[in-house]
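Each of the next two complexes has chain A plus one more chain, namely chain B in the first and chain C in the second.
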Partner chain A sequence: MTLTLQHVLIFSVALFSIGAAGACVRRNMLMMLISIQIMFSASVVAMAGFSRWNLLPEGNAATFFIIAIAAAEAAVGLALLLAVFTRCGTLHADEMKLLKD
Partner chain B sequence: MLETIYSRVSLQAMIWLVVALPLAGALINAAIAAAHWRSESPGPRGFASLVGIAAPMGSLAASIVLFLTLTGFDATSPSAITGPLFRWVALPNLFVDVGLKVDELSLAMALTVSAMALLVHIYSVGDMWGEEGFFRFFSLSNLIVFFMLLAVLADNLVLAIIGSGGVGVVSCALTGFRLDDPGSTKRMLKLFVPGALGDACILAAAFMIFGVMSAAEAAPASGIFSFETMERNAVYFMPMATTIALLIFGNAIAKSGQIPLHLWLPESALAPIPAFALMSTVTTAALGLYFVIRLNFIFTLSHTAMLVVGAIGAASAIIAATMALAERDIRKILAFSTASQFGLMYLAVGIGAFIGAAFHLITHALFKCLLILAAGSAIKATSGECDIMAMGGLKRRMPVTGWAFVISAAALAGIAPLSGFMSVQSILGEAFERGQVLLWVCGFATLGIGAFYIFRAAGAMFFGDSALGAAKYKRVTEPTMSMVLASMILMTLVAAAGFLGVPQCFHGQDRIGVWLGGIIPSEVGRASVDGACGNWIVLAAVSLLWSAHFAVLGWLIYAQKRDWAARVARRIKPITVLVSRGYFFDEIYSFILVKPFMWFSNVIVRQGIDRTAVDGIATDGAARSLGLVAALAQAAQTGVLYHYMLYFLIGAIAIIALVAL
Partner chain C sequence: MCAAWFAGVALSAGAILLILRAPMVAGAFVIVAAGVSMVFSLFVMMLMDSSKRARARQIRFGKVLAAVAAGYLAIVMMIAVAAPPFAAAPASGDYFESSLTMGKMMVSQYALPFELTGVMLLAAAVASIIIAKRGEGA
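Our next item is the complex of A and B:
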């Protein structure tokens, strides 16, 4: 059995779904941030797969970009979480309903 | 002196001056009133009253010059037209010029109106001096004189209707003159509704006249609505005469306060006294009769219309007179008396005695004006006391006013040889002469009741013991100079004016009859005087005795034995209540007109259409459906983080699905 683009894409979709489900279901904001990172990874996998099978270098370049941006996003997200935690004393998402106002 | 006037002012300009001067006075005083609106300073009262008096004085002078000029030509009838100032309406088959015409009737009216206006204005300087709206009053009273003169001098019906409408509006303004009085809105409404009804009637008559005249194809260059054209083609009115005449009389009922629409007169009596004097003698009330006399050629065509006019006139004369019997407010007594006297004039019209009606219009203007002004002086002297039973003995403190009231009351009662006697005799004699015995009886009864109620007022106010209280009685004095002066001039006129129309049976000249004979054809104007003079003299003597004994009786009872009257009134309590409540006209109107209208407004329009349909379905419905959408949108905003995440995902999937499929 050879590895084809389909396998890679199925893997990517599975990974994305896990991430999405985690982001929706988990209440802890740290876990939600990790889930978002998982969705990032899924898109990176899809990107790399397209690049490998279509023989295009741009996909790999985009992959690097995404990894860099994901790192920056994680940094910003963690900073936000820290700020929220110092302010509210919890990271439980149900406690945060300020978005309503 | 006339020569110098002629060299400077043309005849046409003189006619225009009669009308224009009061308008100028009204405008000047309106400007002063606007400049001093709610200002603390008294303002230029002297100047304003000078302007206010000068305007009707100028009109009177111009009318006198016109009279002297026009009677100077022997051969022709004394009439003149100004020609059109401008063409107001120009349609293919209809045009209306703005132009004035002076003839016997309009000259007589112009002289009466401007003379009365002059005296009332002189009086009102003293009466209104302390009032806040001094300038407004002079502006409005000049304006009502302007509109009245415009109406009586107009050479066509349309312009006369415009003048009449103006008189109606200014009457409303004068009735609601006291702005701080919460009742004045209601009073204005009570005056406005009949006035509007009358205007609607005369407008409908004008439309029908237009129909008749354009169908007759007799419209010459001077326009369909010109009185002259109408009179010349009077025969074409034959098929429509009853309807048109009744519509014109509908206007007269409303304007002169005749029986079904008489309720505004007692309301207008609560206006300032000079305004009341103007409205109930020479302007508003006289206007209705003026139209009837002016359009007499339509009335004489219809026997039915004449019958209705006579019947309503007689009913008003008697019913209003009995209302005056039971009233205690002197102003309202005089208002009911006005309705009653105008009823007498319409009675005269009903028998075809147009000249008698016109003569009584003039003499009534004189003596009623004096009655109202003297009553006003008494009210002012007693610091606002209007109840005749609360006055008494005033003549000892204010002799001129007292004499003025007594003389004019005697004129109203028809005591010889005062002005009222002559005019009433010319009406009653005519009625008897033409065999209208029923109408004659009504007129005769009115005369007796009139003598009683007016001498009741005179006795209670000016004679006997004072009911005022010693301190207040001591303060009663003659009012200011201008009021006394006006009363004295009027007193002379009231005494003398009757000699203008001494019937030929009494070896008089009957100047009024001869003068107006040019306008009103002799066969409908006056009965022949051959051989019937015996009747006239007997009738005059009988009616003199009749009214004199009622006058003495009224005077005696109310000057000396006031408790008699009260005891009699208690004895016949149901009748007293019926009469003093004005035969429940107010209640009847309330029941058949006001209540259903209010019910319709409240239940159908307000609750049905407005609340349910407009508010409930349209306005509130739109708002509520928007509110529903808003509530749905709001429900999505939970503030919970992963809900937003879910929406985001769903949205992303939906977009991808849209693109992919």
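Our next item is the complex of A and C:
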């Protein structure tokens, strides 16, 4: 079986959908952050696929920036989670309703 | 457990990046994902509330609705992806696969974005420390 761009993109779409479902379903903010990381992984795979099929190393270079953004997002997100947990004692998203008031 | 699953997903994505002849990207991705999954597993152990009280607060039918929405999204996107006829991957030469190409590109064509990314990572590290310290003080 020959690997085509469709296979890569379908895998990427499936991964992105799993991440989106996780971000919607889970009410724990840590789980939401992990789901967002899964969505980042999907974008990395799609970018690398397009780069491979067009033989453009620029796409791989751009993938590096996506990885760096994902790392920065994880660092800041985890620090925010820690701050929220020390303040509220929970990571449940439904408990965070101070902006509503 | 969920952090371990995330590590599995990251390793699989890294393997696919290797299949796509992007070894340097795969290496960077796996290193970053290993760090992230380790920190995630640490945070899961520290902060997860697995009591019955936490489970009781789940939205009713939320899982079903989200699964339906995600399935719909996946189907629509797969139809869009499957429509154009893509061929097999063209043969890639040393220029595409080489880490030398990537390194040269990072210090010439993408020098400014590369520097800005470094500044962004530094700012993220400093910000995470400040946020965590401020959370402790509150």
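Operating definition for what follows: the second predicted complex is superposed on the first by the 99 of 101 C-alpha atoms of A that agree within 3 Å, B and C clash if a C-alpha of one lies under 4 Å from a C-alpha of the other, contacts with A are read in each partner's own complex, and residues count from 1 in each chain.
Keep in mind that, in the parts below, a contact is a pair of C-beta atoms (placed from the backbone, for glycine too) under 8 Å apart; a residue touches a chain by one contact, two chains touch by 3 or more.
If you're wondering where the values come from, they're calculated on a predicted model, not measured in any experiment.
Engineer: Are chain B and chain C a fit on chain A, or do they clash, once the structures share the same frame?
Structural biologist: By the criteria stated at the top, chain C and chain B fit after superposition, with no clash.
Engineer: Using the superposition on chain A described above, determine whether A:13 touches chain B (first), chain C (second), both, or neither.
Structural biologist: second
Engineer: Contact-wise, after the overlay, does A:96 reach chain B, chain C, both or neither (first, second, both, neither)?
Structural biologist: First partner only.
Engineer: After lining up the shared chain so the two structures overlap, which partner does A:25 touch, if you call chain B first and chain C second: first, second, both or neither?
Structural biologist: A:25: touches chain B and chain C.
Engineer: Is A:3 touching the first partner chain B, the second partner chain C, both, or neither of them?
Structural biologist: After superposing on A, A:3 lies in contact with chain C but is clear of chain B.
Engineer: If you tally the residues of chain A touched by each partner, is the higher count for chain B or for chain C?
Structural biologist: Comparing touch counts on chain A for chain B and chain C gives C.
Engineer: In the superposed model, how near does chain B get to chain C, counting Cα atoms only, in Å?
Structural biologist: Once the two complexes are overlaid, chain B and chain C approach no closer than 8 Å between C-alpha atoms.
Engineer: Where on chain A do the contacts with chain B and the contacts with chain C coincide?
Structural biologist: 20, 24-25, 27, 94.
Engineer: In their shared complex, at which residues does chain B touch chain A?
Structural biologist: Counting only chain B, the residues touching chain A are 637-642, 644-646, 649.
Engineer: Please output the residues of chain A touching chain B within their complex, sorted ascending.
Structural biologist: On the chain A side, the touching residues are 20, 23-27, 29, 32, 93-94, 96-101.
Engineer: Can you list the residues on chain A that touch chain C in the complex?
Structural biologist: Listed in rising order, the residues are 2-6, 8-11, 13-18, 20-21, 24-25, 27-28, 30-31, 33-34, 37-38, 41-42, 44-45, 48-49, 51-53, 55, 57-58, 60-61, 63-65, 67-76, 78-87, 90-92, 94.
Engineer: Looking at the complex, which residues from chain C come into contact with chain A?
Structural biologist: Within the complex, chain C touches chain A at residues 2-3, 6, 9-10, 13, 16-17, 19-22, 24-25, 28-29, 32-33, 35-36, 39-40, 43-44, 47-49, 54, 57-59, 62-63, 66-67, 69-71, 73-74, 77-78, 81-82, 86-90, 92, 95-96, 101-102, 105-106, 109-110, 113, 117, 120-121, 123-125, 127-129, 131-132, 134-136, 138.
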